[in-house]
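In the two assemblies presented below, chain A is common to both, partnered first by chain B and then by chain C.
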Partner chain A sequence: MEKLSISILLTISLLPFLCSSFSPESPTDRRILVLLDDFSFKSSHSIFFNSLKSRGFDLDFKLADDPKLALQRYGQYLYDGLVLFSPSVERFGGALDLAAVLDFVDSGHDLIVAADASASDLIKSIATECGVDFDEDPSAMVIDHKKYAVSEIEGDHTLIAADDLIQSDVILGKTKIEAPVLFKGIAHSINVANGLALKVLSASPSAYSANPNSKLSSPPSLTGSAISLVSVMQARNNARIMITGSLDIFSNRFFTSSVQNAESKIKYDKSGNEQFVTELSKWIFHERGHLKAVNVRHHKVGEADEPAMYRIKDDLDFSVEIYEWSGKSWEPYVADDVQVQFYMMSPYVLKTLSTDQKGLYHASFKVPDVYGVFQFKVEYQRLGYTSLSLSKQIPVRPFRHNEYERFITTAFPYYGASFATMAGFFIFSFVYLYNK
Partner chain B sequence: MLARTEPINGTAKPKPVSSPMNNFKSDLLNSFSLKSLKLKTKQQELLIRVSILCLVYVLAFITRLFSVLRYESMIHEFDPYFNYRTTLFLTQKGFYDFWNWFDSESWYPLGRIIGGTLYPGLMVTAAIIYWTLRFLRFAVHIREVCVLTAPFFASNTTIVAYFFGKEIWDSGAGLVAAALIAICPGYISRSVAGSYDNEGVAIFALLWTFYLFVKAVNTGSLAWALASAFGYFYMVSAWGGYVFIINLIPLYVMVLLITGRYSLRLYVAYNCMYVLGMLLAMQIRFVGFQHVQSGEHMAAMGVFFLMQVFYFLDWVKYLLNDAKLFQVFLRITVTFTVGVGAIALGVGTASGYISPWTGRFYSLLDPTYAKDHIPIIASVSEHQPTAWSSFMFDFHILLFLFPAGLYFCFKRLSDATIFIVMYGLTSMYFAGVMVRLILVATPAVCLISAIAVSATIKNLTLLLRAKNKVAQTASAKGIGSAKSSSKGLLDQSQPFHRNGAIALLLGAFYLLSKYAMHCTWVTSEAYSSPSIVLAARGAHGNRVIFDDYREAYFWLRQNTPPDAKVMSWWDYGYQITAMGNRTVIVDNNTWNNTHIATVGCAMSSYEDEAYEIMRSLDVDYVLVVFGGVTGYSSDDINKFLWMVRIGGGVFPVIKEPDYLVNGEYRVDKGASPKMLNCLMYDRARGVEIGNKDVKLEYLEEAFTTSNWIVRIYKVKPPNNRW
Partner chain C sequence: MRSLTPQTTLSSIARMARSLGGFLVLLVAVLICSASVVSAASIFQPISDSHRSAALELFAPLDASFGSLEETYEALRTFEVLGIDKKPDISLPACQSVLETLGSSSSASKDLFYALKVNGMLKCEINKEVFEGIVSKLQAAVSSANSLLDFYHSIGSLVLIKNQTSKDDLHLGDAEGIFHSIKALSQSDGRWRYSNNNPESSTLAAGLALEALAGVVSLSSSEIDQSLIATTKNDILKLFDSIDKYDDGAFYFDEKLVDAHEHQGPLSTTSSVVRGLTAFADVTLGSLNLPGDKIVGLAKFFLGIGVPGDAKDLFNQVDSLACLESNRFSIPLILSLPATVLSLTKKDTLKVKVNTVLGSNAPPLTVKLVHVLGSGSKDTSIIENQELKFEPESAEYFLDALPKSVDVGKYIFIFETVLHDPEHNKVYAMGGQTQVPIFFTGVIKVENPEIKVLDSDLGIVETKMKLDLDGENLVSLSANHLQKLHLSFHLTTPLGHAFKPHQAFLKLRHETSVEHIFLVGNSEKKFEIILDFLGLVEKFFYLSGKYDIQLTVGDAVMENSFLSAIGSIELDLPEPPEKAPRPPPQPVEPYSRYGPKAEITHIFRAPDKRPPKELSLAFLGLTLLPFVGFLIGLLRLGVNLKNFPSSSVPAIFAILFHFGIAAVLFLYVLFWLKLDLFTTLKAIGFLGAFLMFVGHRILSHLASTSAKLKSA
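On to the complex of A and B.
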């Protein structure tokens, strides 16, 4: 049973093959490859890296053009996560290239991509493949004349104090991020064709993307809150990707600097960057918001075993257990909006599951009066959570020939008529034949 | 009954010799009419008749084994695979599970109630044969039983044909009919070894029912009518063609009534057969209440009531002595009855209690109906109108003997010959409407031709014998062309008529041997191909076998997950479930037109639209048949226009003219743009001229068989990152 549910989980996550340590049992990443343009980033972004290390991650720093770069060996991935802090790299070293990065994601691994004004085509094309388009103008940056961060150098409105965060406790943690997040970098937008990418940190309506050093001659292509500063994308296999146009957002300097929004009077001693980035990285590396559904069970009311087939109008019990990964252990997931469908081309039964607060969800219903190959479907897609998409096929058969009612009360006149006719015919024959 | 005293020449071909010559009143036998010898002759005659029948029985069986010798003992074509699968289920799970079988592996996701949507006669027959053999400790496999069921029943049919021929003409005609039907290609086409289809047993049941009914009419016996009802029950359980019986018999009765041949024998035979047959037929789930509710069966019911009226009128006539009064009464009664019947039919139809005729029935009466209204019926090649050549191919000389036989039948009209004439004429019409119904016409054609042959031979031998007492030994082989021979009989005064008769006999012998050769050739060359394994002549004249279908199905069985769903055009549905053991979306049981149209729509749409449809049907694999490499002509692109028509019948988005260029169907470079871009084209003509190097976005090639006939594509899951 356990194995079955595991395999269900695997199939729903559409993993082409399994990686070694990112197991469904403990989904948090462990080994992370960090690619840098320059080893100096190690010290300039040390707070971020140290927070990862302190949470138990095993970081492997490499230069992006290191000729020995490889994500996998003998078909096994060496890393669970990839952090690209190498915006200007034109070509990765070793066996790494665009396709390898995408394969890495498609096999269920996580990715953080940080670009900046020097972003190379390679980085941009990785982002494009993940549903996010960077501004095509290489010199453009995000400029906001209203919500810029007040700093010493007057007139530089490319340092933005952004506070338009996504409303999701799952992605950004329960603690509200009070201070604005400092951002300095390039703009991107979510490709409308991509339904999976989300803006986590959006620019204010007054922002636009243009070259700050030249006069604005034509209207900027990206403006207002269409500009995304930080985006995430959860792929269908639950690989999580974070894309941002600012490498500095992770830097020690931004983490520690004070921030004041040009429009507001409040000055925060510390920017929201550390909290924002840390919480977001927890989500990216599956420390939060990872659900699993196990023990999908169904049986007739009053029975314990799962039948191979139901009959129309059977009463059945359906149950599934859903747990959330807390970073260390699986905790019961509690929600009141999990629904099960009894589905054949369209849902015939749609029922909200009741929970016992310990992770067990349960519903009982009557099989509809329609035969066919049905599926129990649990499609649970909530913002920030991994998508649960379970389906279990079960045929529903019509009545057997001896399962109908044998005698129908309303038909008694007909039975009476039949037998009366038979008796009458017999008597008539008898009289006719022998009573001449 | 007169017997010949001369010893029968044992070396001669015995067919016509054994005819008892009922009407032969010859005086030359007197000298030898010793009682002991007479008896001996009778015995000899019986012996010869039985041995001929045995030989014919064996011949009918072994001539159908070509396919086993050529290929191997396997099930042929499409439908037989379903029958085989159900028979296997029946033998494994027992009758009740079979009766209640809900099959979730076909028609995904609707499923199919197999027990309620098939004619179980064939499967039950094969299973009983199987169980009997097992009981007798013959360790046979059920497949062998299935493969040999059709030849076995073909052999049985020859016996029935003999008795039928004897009933309507004489035992000579019966023997000839048995011999003719044993090798007639029209029948062999559906009953070679491996052709495990309903028709295999149904023709036997059909002829059996007819024979028993004619017997019942001739004798007026309740027992024969009862037997006929059971024969009808077997026919209903075996094949949907029983509708032919339930319409032909009332028609026949009607003709007898009109021609003033009403008799109590007819009354007993028809009433018993109809009432009991109807009640028995209702026990078949697939037929159910159709006998009282469907328009196709109403003729039988009408005739049934008419019979009662006739009986009543007879009774009244018996009571009334006044002829004038009776005439008045007759007129009133007939008007009243017809009126009541018409009103009942009108009310029943209007209230929906009596269902209107089905499309299949209409298409039989009006050959153009299906083409205009029901593309799914018209799309089947065996539902096409018959070409003259296939008449010639399937009947050969019987086609010429048939009118001659009709002539003889009209010359000696009786209840029985009227029946065979009716059977022959109606079935010939239906055979002209649909290719597959040649099968139904075959027994009638064989019987009527046998009458022609037998009567001719008898006349010729009479002629010879009358002139020359020793001519009898020569009488043996020939069977002649009817017209000329009867002329020969008439013009007895003509000189050289004896030589003429001999010449005619020789000519007839030549023709009949040609018939035998033709039948054997057709059987071995045309009708023994299993169509699942293709054979062709290679460049050097050697035989090349393409076993791609089974290769593909085996691949599916071995390499796909057990719950994978395979989409293909419906022709291959049965084979995929039976051999590949995978769920299919549509199959050869075309009960749900919308579902088939959905598949047709998917096949004829652009790839992205098709992808949506395939996702909604949970399709994992797409199987297409591609003849481009091997030149195999009946591939999916040939059927493509039907996909368009069927798909367009339900989804008006699909329009046939989009796929045609100037009203022509082209698959090469000149094909229409819509055509070149649709999914089916990509699948089936992936490398064909017209649109080379097709790139598929939503599908990927999973498997291609060694001769590229079957190609299987896997439906890709949705893009991970989009």
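On to the complex of A and C.
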């Protein structure tokens, strides 16, 4: 009986570790659920899946209408990431629905949504919930008569060689993506009110979203660079979402095909898709751009211990260590724009921290001559990085009575007068008593 | 490097496969129909070099061996079909494991089957005794088998042994009985069950059963009853009744019951059927009477997959295509076009290739162009019944001269092939006519672009300017809300016809990046748009100011599609009324949202102002002056200390009294320098008591002395 209760206790205490969102403590061995319209995607998109597998992800392939689908069991999530390669699914099987997918994201998990010309309302509404609106016209595709991919077989210019990528090393990796990215699919735009979503791959100014087979009767709703081909969203809980209107962008066929933009003479033997998708998936699954801050320390200059309180006008040292997850280990994060605030209602001091290139950030400044309860605040929000938000409270007191300045020169006449009087009194006491 | 091939992408396979249920079917059908208006048929390319490089990548052995004999066989078979010479050498470890499997008495019939298949490829050295042992074991297994897979593996193994050892006396004891027991598992619709206990019938099992039956026929010592063969052929035909079809002309088999757990997918199912079919056709006499278009459709299905990314899929695809390539009923021929986008300016010629599925050349035949339909006028055909010329060197058929009437645009070409030798019609399957959409692209002439600002009512031209569409000379116009903007240009095809592009947009972009897009309409060759600002005031959100004008003209067949900045117009619009719509918020540049903030340093309160040190010191000197004057005054008065007590006891008290006073004064100095109030008060308490005592003694002494003096 006792053994049983101990084992139950153990299981319960282990449960939270079995599966959770990206956690800085145990970021490895992440499980991803891949929902497909058909198992043939496993073969036709195998390069993408294999690159995920080789990076240590555990992929679980299921049909999108599998009646046994479930993201969580007994309140615990079974997966860390969800890949929706099922554009045409109208209703998921099992316990999965729109609300379940959104709950999954709300609890900090990552999501990749790929749609195509057959995108269903369900997939479109998932995208809408993420702040991205697909073109409402179901027959519309992205067309570009200037930046299309030169092909001897595809003549309707819906196969696009896009090269308008976001300028961000953290999202797309340090190596520049030279070759254009092949795209064939539907357009979406980012909701203006959404400050969290980003266009990673935008269409060129000459692109538009329309049905290539029918004459236009009204101006298309989406044109030019407002069309986003691939977007990402980083939620406030650091869940990352990728949305694209092309499932083919992940396919082996696009990965391995050669590409030439109609406007340039250069023909690339291999399209930029593999690099683009692989690098982007690294970002989506937190192999890059996930920061953690540890060891927030502060002390008076010349001392080592953290005081319980500062006095106004004290000189203090502040330091924090910031690390970035590289997929395998925490690496020092190097940047020159981390800032600390000394904050009470509003920042009194805002200073850029200097780095030792090994992850340690440091600044020293003088405590302002205002007393009250202050906070050290590090608010770090950069394009593509998870946001850091730390604060540490510290009170600041005024001078004590004996900490003010003594022996002020200006007061010397007063002192002089008193002491002269005292000396005169002493001499006068002799004269008065003993003079005859 | 692989080039893009026009395939039915797997996504469309997926679309179809999932379209079994409900509303989805309708949606997909609508989508596909809308797409099929132009791409009436996709073009299927035969196996190419990209398959070969993919095969080498997918079948890369680990430590010079594959995981299992099954994988080894799949790799070897794929390499063999594709004719890859530079295959990795795995024969030693593979033969080793073949010998182990064959030698072991506990090997399952499935392992034996694949071991023998690998042996067939690698020709390992195996003793006759080993075979003898297996043969008897397998024969026992055949007679005791009760599931289809048992039959399949053990009969298959026996056939392989027979082929590998050239033992002509290897026969099955009761061939017809076994034939019957396999046949007993068949269903009325041509599908098979895996075993008697399993009521579910499967298409994949039908393929396995056919292959097993073919094995039984080849192993039987006497002729199998023709009626049995005939019913089996009938089963095959029934199986073909349940074949599924894509809109692009590809046929495939799929399991009817989609059980997600054991679902094999259309590729492995179709591949199994094709394998069984060819095996069965090989051992039986007479034709199967399968419709040629379905055979070509099956070939199209396998080719439409493109290059699979999965080893098993690649094997299934390549193996099935090899079966189709060398079958006995009809060999499919595939008509393909290297290019369907032809440039009129570059004078590209239309080329057609006819190959077998694996890419070898077709027998002598004629390719005829039956019809050419223009995309606009669907009924009239531009060319009819023209034969294509053959160039033996590249084995391509080409159209030597396009008719003069072919202008830029999208056409549908319908090809037909006719074999020269009528005997070949029995061997090859052509699949009827092939429809191919072809784009002819060319340079469109843009003429007379001009832009005008008109006065509203009378249409008086205010300003009129020629446009430079290269974007070098930008126009700058100005207008108010009572005026109109008029833009026009002509588009003509190389043949002088009017050209209507798919994309003809005029974009006005305000300084605040609010954009407005207008379609430029046309009448014949002339494209024009009139923007009446009076009616657009509301749409423009009453935003006055500079608008950049951009013109985009583009089409799939237009080689010189352009997007050019024309210039700008300064609009003077009325003030917005109170309830006017506000312009929508514009997206913020993401780069500006992030980035470091400006630094803040605290401004400390300035210290109080103080006089200079010298002044304070001068005043210190001044305060000391009265003391000096006091001392000088005392000296001038001639003070003396004659009244100091002379006797010793009062003298001591006097000294102590003055010492006490000095101590109190010194304590004041100390209090100023460092002591706090409490220490000082404590000290002064003691000193005060002391002073009281000594002061009382000396003062009473002095008082008595002076009283004595007065009285005296």
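Throughout what follows, the second predicted complex is superposed on the first by the 369 of 436 C-alpha atoms of A that agree within 3 Å, B and C clash if a C-alpha of one lies under 4 Å from a C-alpha of the other, contacts with A are read in each partner's own complex, and residues count from 1 in each chain.
The rule is simple: contacts are C-beta pairs under 8 Å (C-beta built on N, C-alpha and C of every residue); 3 or more make two chains touch, one makes a residue touch a chain.
Computed from a prediction, not measured in an experiment: that's the story for all the values here.
By the touch criterion stated above, A:Ala193 is placed in contact with chain B and with chain C alike.
Looking at the shared chain after the overlay, A:Asp38 reaches chain C, while chain B stays out of its contact range. In the superposition on chain A, contact is made by A:Met422 with chain C only, not with chain B. In the superposition on chain A, A:Met344 makes contact with chain B only, while chain C stays out of contact range. Set against each other, chain B and chain C touch different numbers of residues in chain A, with C touching more.
Once the two complexes are laid over each other on the shared chain, residue contacts for A:Arg397 go to chain B alone; chain C is not touched.
By the touch criterion defined above, A:Lys377 reaches neither chain B nor chain C.
By the document's definition of touching, of the two partners only chain C reaches A:Ile47; chain B does not.
Residues 193, 195 of chain A lie at the contact with chain B in one complex and at the contact with chain C in the other. Across the interface of their complex, chain C is touched by residues 36-47, 50, 62-63, 65-68, 87-90, 116-118, 120, 138-139, 143-146, 149, 151-157, 159, 166-167, 190, 192-193, 195, 198-199, 205-206, 208, 210-213, 215-216, 218-220, 223-224, 226, 247-248, 251-253, 256-258, 269-270, 313, 337, 339, 341-342, 347-352, 365-366, 368-370, 381-383, 408-417, 419-431, 433-436 of chain A. Only residues 1-7, 9-11, 13-15, 17-18, 22-24, 27-28, 31, 34-35, 37-38, 43, 50, 260, 263, 265-267, 305-310, 313, 337-341, 410, 437-439, 441, 500, 502-503, 505, 507, 515, 517-519, 550, 552, 554-558, 561-563, 584-588, 590-591, 593-602, 604-605, 610-611, 613, 616-617, 619-624, 626-627, 630-631, 634, 639-644, 654, 658, 661-662, 665, 668-669, 672, 698, 702 of chain C touch chain A when the two sit together in their complex. Residues 14, 102, 105-106, 129-131, 193-196, 233, 235-237, 239, 241, 309, 344-345, 371-375, 393, 395-398, 400-401 of chain A are the ones touching chain B in the complex.
Within the complex formed with chain A, the residues of chain B that make contact are 96, 99-100, 102, 104, 108-111, 113, 285, 563, 583, 616-617, 717-722.
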